[in-house]
Amino acid sequence: MKNKRIQSLLVVLIALGLIVAGCGGAGGDKKPAAADNKAPIKIGFFAPVTGPAAADGDSVTKAAKLAVEKINKDGGINGRKVELVAYDDNLKPQEAVSIAQKLTTKDGVVAAVSGSYSHTTRAAAPIFENAKIPMIAAYALHPDITKGGDYVFRQSFVGTAQGKAGGYVAVDMLKAKTIAILNVDNDFGTTLADSFTQYVESKGAKVVSRDKFTMVEKEFNPVLTKIKQLKPDLIYMPTYSGTGAQIARQAKELNLGIQMLGTEGIDSTMEFLKVSGPTADGIIITTNLNRNSKLKATQDFIKDYTAMAGHAPDMVAASTYDCFMVLAESMRKNGAEPDKIKDGIYKIKDFEAATGLIKGYNKLGEVTKNVQVQVIKNGAFTYYGEISDPAIITPPDK
Amino acid sequence: MFFQQIVNGIVVGSVYALTAMGATLVYGIMRILDISNAGAYALGAYISFFFLLQTGNPLVAVVMGVALTAVFGFIVQKFLYAPLMDKSPNVALIAGIGLFIFLQDFLRLVGGPQARELNFGAMLPSVRLPGLGLTLYGTWFLILGATAVLLLVLWYLLNRSTVGLAWRATAQDLETAKAMGINTNRVVAFNFILGYGFAAVAGILVGILYNSIYPMMGDVPAYKMLAVIVLGGLGNPLGTVLAALVIGMAETLIGGYVGFFLPRDAIAFVVLILILLWRPQGLLGRRRVS
Amino acid sequence: MPAEQELLKIIGLKKYFGGLKAVDNVDLSVKRGETMGLIGPNGAGKTTFFNMVCGAYTPTAGKILLNGEEIQGLPAHAVARKGIARTFQITRVFKDMTVEDNLLAAFALRRAPGLWASLGRSHTKRNREEAMTYLERVDIAAFAKQKAGDLSLGYMRRLEIARALALEPILLMLDEPCAGLSKDATVDFMELVGKLKSLGTTIMLVEHNMGVATALCDRMTVLSYGVKIAEGTPQEVQSNPVVIDAYLGEAEEAG
Amino acid sequence: MLELRNINAHYGHSQVLYDISLDVKQGEFVTIIGANGAGKSTLMKVIMGLVPVSSGTLLFKGQEIGSAKAWDRAGLKIAYVPEGRRVFGELTVAENLKIGGWNEPPAELPRRLEKVMAIFPRLGERLNQAARTMSGGEQQMLAIGRALMRDPELLLVDEISMGLMPILVNRCFEVMKQLNEQGTTILLVEQNARKALGAAGRGYVLETGHIVLAGSARDLQNDEAVKRAYLGG
Amino acid sequence: MYEQVVAINVGLAMLLAMSLNIITGFAGQPTLGHAAFYGIGAYTSALLTAKAGWPFFLALPAAGAMAALVGVLLGLFSVRVREDFLAVTTIGINFVVVAIFQYVQLFGASLGLAVPKPEFLGVRFGNTEILGLLILLNALVYLFMRHLPNSWLGLALGGVRNDEEAAASLGYNADHYKVFAFTIGTFIAGMTGSVYAHFMGFISSTDFAFPVSIGVLSMAVLGGLGSVTGPLIGALILTLAPEVFRFVSDYRMLVYGGLLVLMMRFQPQGLVGDDSYLQRLWTKIRGRREEGKANAG
């Protein structure tokens, strides 16, 4: 009997909790306090600080803090301070959804930045859209993210643009005729590999093999042994730093001697360069951070970030930093209410940012900027080229 | 290419054998699927990394990594698992998972989330045998050599030494072993010291092989080692070695010839499921007679 | 003897474990309404024999006929569905369930034989009252709400018997039901079996305790090392010197 | 040598032994008889330290051992032949015997091994065979031999006759009598009452966890109640 | 709205924990790959609504049915492979199922699938409607769970869990009941997956990976396997814990892991299991109250 009683009691409690939670939420919606001109402006932020992408989560969180510090040091937004509201999403879409709800309905942010991967950002985007709060995805590149409406922007290249740029590097700059592809099997690797393939095949090059692997793969000897037999001119590897470093190391050990072309995923100073060590020399990547840029914004960012974090910044950090800079620019020029911020972002033209000159955003919210080509030389990313051909870098607007 | 793939498979298999051995030993006596062993794998590598940074002496680093992880194993046994022995196996399983999550995040907080290089001096030079189309990594000799030596030592320890005799008796029938005068508390403690020490060795060696350690490095071993020890027949060290080689070879050959039509982990589990359909007691398991 | 009188007929039953002949070529028949005792020393193959009849073991050879129907090799649950209920030598109550639930579990065979029917409510007033009558019969009604695992051994045994009776079997098979029972409980138990007998229940009883067996059984079969060495009324069996030797061990002491 | 005073013991929530008091004197051969499930095996486990004592005193040679670990009791030269033999099946005969002499002075072991092999020559023939491959009788010999490797002062034997051919049962009883004559104190639990009482000097009757009768083996053999309950007729 | 989303997450977790409880708590069969069935339901529902144009309320039971179909296969496997072997096999099922979502184009492969928001009688399902549906489903499953210990099935599963041989002696075909438990449990998990898919609007294979299974099992064990309320409480606590501890962002998972360890170490029977601290407290309070009553009377 006592068993039954305790159970009934608890069930009633839980049911009540659910109902209260449901109703409480409906009445509790908060709109950002626009009237108060002295209160700090809140900007929401989420990143995978824990979980399998914690390394990126760490980089972008540092960048976000640096950006807010910088904005405030430069006088804030017309005298108002900016405040960062940052959460960890553990790389789980379900958490990203509740974070997005919390940011938009509880915390009163006027805009948000996603420092997370595609599936989390993808899950959160519609919530910002519905709440009419602008959100910029720093480096998530799932094509659907920006398709929901006007309020969602992307600060990195959409996958198709970077894939094309990779193809350009492969066939137009490096003159490769036969290519093997090794891509990480998620939206990132797949989107890049697909548009890369499309581009190189249109230029008459041949993709001789395509293999995919999970984010946690470490053992590439079997597949590299196979590729060695095919003797391609180039290996294209859209992947992340952990896997990319292993491919670099194992290719060197197997004495592959094939030029490798990576993507922004391996643009990581900590994980990629240190783990792959000297074996990475000569690898070329497409990215959006040009370390040798003459732009003051870029050099300031690199200097400030290195001073703060104790190591050189990577691409995800630079992209995240720029999201905040773009938001600040928009707010300074157009006002700090969500709608005005959104409109302001669409108006941005030729804005100097850490990741280069931002030419503007199209109607989907996709950024247009030059693709940077970097080569690893003496254990550092250095300038190799820059792609500014509009046919390649212009993002699709559908 | 064929020889190269065979060698690749053996290396992968050896890494699995090494990784799964700690959990096999623990299962042998405690009959629990000890997920936290994969946490010890990462812990060992990190401790070793720490001492390498502090002292610059690889030997000190390895010894401290293994020794401190073994001590950790002792503590885990005494304060976590021992009191849970008479509870449902789910309890020990979830406790182990909790500890594993805790350790991973502890390492992330202390060591940073990025992968760190575990670089014991210069890269060992590769050996090339063009006649056979073979390349042998310098680190492979280290891995294969260490695996072989450790497995031989383990084999000797279990089958030829007095502690090993006590271990085998306890694994078979703890109660009778007690009545025969064997201090089974000590055997169980020794078992965990050995099992966690093994995990640390595996973590360090894999860290060297891939020149990288990171807080989540135990994630894949956490389930891969379960596939290996179950396929081997649960708690049977020899079975574990065999199963590790079978899975390593299957993954390598399928990956190398057919392409990765499935992720490696899925390949490992497909192999496991197919073999269990044929032999529900695993490769070297003995069917329990009622 | 007319065939229809034989509820259970066993012909040439064998069970070999590797080289060990646990049961070797045993014939046996149980008539309707009779109590048949299966006795023999420890390790004589009684339990193996018993387990073959109940479907726990598959015989190496031989036939088991229940009402003329061959049932050898059927799985245990199918044998139970044919109407043979059993108890176990080492009690096997459902330890984490209440005593009442243990008993109700036995009703399913009659009340909800199929999977979908099993979704129905079992703890109806009628079922619970009926369950209580079974528990009362073995005097454990007072413990109905207790966890079966918390009962003492003797009570667990009673529960097991009540559970077997609740199947309303045509043949009740008891495997050393008095093991672990106190003298009083044994006497009670014998009364219980007497009551069952008077109701016409057919019983097969494996018993080590000769006293119990003699008092309860109409006929007895004696196994020794897997072979049937005697059969007959308790008096006949007890006076059989072969049985005395096999069962009690050869006389050791000189005087 | 062994004294139990008001011992109670439980398995989980259910009490198995009630207020057991018994003595075994130096050099005696004592048997405990009772039906299946009377608590005989539990009693043996309590003495060996495999089942904890809930209350009561357990003395061995005047020393309280109620809370000592099983292996420490083994160190006091108490040896145990468990019910169902429980030899280590995956281990060889030699290894099983070695475990029997665990922590004994190594110099002693060869002599004891010879003694065991003299008693059970079959074991000597099969030293390097895995124990699980042996027949039940051979396993029982091994279980006894294993216990003898301790050169025990007190030998606890649980159900020696279970599932054995009569000839082997007789052999086992002979061995025990012989050991007893050579000075080993024996406490034997048996279902085969006549055999047990035939070999032992004294006996106790255990019924549902209570000791209901005690006396010399001869008296018990002639006791009508015992006869009725355990000997039939 | 935030609270609604949290409530939805709790509701989903409760359904999963209860469905796992049927298989592991009641039938005693280990399941470490429950997320596979959650995923099968989600993908089935997504495909049926997005590609085949089925209405959501038909896709919902169909999702359950598809998951149950695979559940039956696993159930049949459980007849042959036991205990820890089975436990690890269920992990394998999880990996293989996720791999199929990840690699087969039909399932959107690595890009995942967009899932339309359900519509019913012209009402487009927002979070409020989803929450309502979840409360309804939770109520139904909870009623079933409460009924289970009083049903023939509950008795049969209890028998199978305790002692298959003794259950067989009562005429139960243990294999059938095991498979049946897998069928019901996976059916509920599949329906839950369907709700999840339509709530999120987007699914990808990693949403149903092994750690999700571990999370669900942790909930059920933490609350008390085999008890009716336990898994609900476990689901509530473990879903809320990360939300509540969001303020200690960086130490969240550390707290979560530590919580699991401590709970298992000191309340191994689960929070509301037999003789747990909460239950003893409850008994004490009730005892006192009754004493009070007795004194007053």
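We just call them A, B, C, D and E in the order they show up, numbering each chain from 1.
Keep this in mind: contacts are C-beta pairs under 8 Å (C-beta built on N, C-alpha and C of every residue); 3 or more make two chains touch, one makes a residue touch a chain.
As the structure is a computational prediction, the values presented were derived from the model and not from experiment.
*Asks:* Could you tell me which chains make contact with subunit C and subunit D both?
*Replies:* Both-contact set = empty.
*Asks:* Centre-to-centre on C-alpha atoms, which chain is most distant from subunit C?
*Replies:* A
*Asks:* For subunit A and subunit B, let me know how many angstrom lie between their CA-based centres, rounded off.
*Replies:* Here subunit A and subunit B have centroids separated by 35 Å.
*Asks:* Calculate how many whole Å lie between the centre of subunit A and the centre of subunit D, each centre taken as the average of the chain's C-alpha atoms.
*Replies:* For subunit A versus subunit D, the centre distance works out to 73 Å.
*Asks:* Just curious, how far off is subunit E from subunit D if you go by their C-alpha centres, in Å?
*Replies:* Centre separation, subunit D to subunit E: 51 Å.
*Asks:* Return the distance between the CA-based centres of subunit A and subunit E, expressed in whole Å.
*Replies:* 34
*Asks:* Note the residues in subunit A that touch 2 or more other chains, in rising order.
*Replies:* If we look for residues of subunit A contacting two or more partner chains, we find 49-51, 185, 212.
*Asks:* Subunit E: which residues touch two or more other chains?
*Replies:* Each of 102-103, 250, 253 in subunit E touches at least two other chains.
*Asks:* Out of subunit B, which residues touch more than one other chain, so two or more?
*Replies:* Residue numbers touching two or more other chains: 105, 263, 265.
*Asks:* Spell out all pairs of chains that touch, sorted by label.
*Replies:* A-B, A-E, B-D, B-E, C-D, C-E
*Asks:* Help me check something: in the complex, which residues belonging to subunit B touch subunit A?
*Replies:* 1, 4-5, 8-9, 11-12, 105, 108, 112-117, 119, 123, 126, 128, 135, 137, 210-212, 214-216, 219-220, 251-253, 255-257, 259-260, 263-265
*Asks:* In their complex, what parts of subunit E are in touch with subunit B?
*Replies:* So the residues of subunit E touching subunit B come out as 24, 30, 77, 80-85, 87-89, 91-93, 95-96, 98-99, 102-103, 210, 214, 217-218, 221-222, 225, 250-251, 253-254, 256-261, 263-265, 268-269.
*Asks:* Considering only the defined contacts, which subunit B positions touch subunit D in the complex?
*Replies:* 165-166, 168-169, 172-173, 175-185
*Asks:* Using the touch definition from the top, list the residues of subunit E that touch subunit C in their complex.
*Replies:* So the residues of subunit E touching subunit C come out as 147, 149-156, 158-159, 161-163, 165-174, 176-177, 180, 226.
*Asks:* In the complex, go through subunit D and note every residue touching subunit B.
*Replies:* 48-50, 69-71, 74-75, 80, 82, 86, 88-91, 95, 98-100, 102-103, 146, 150
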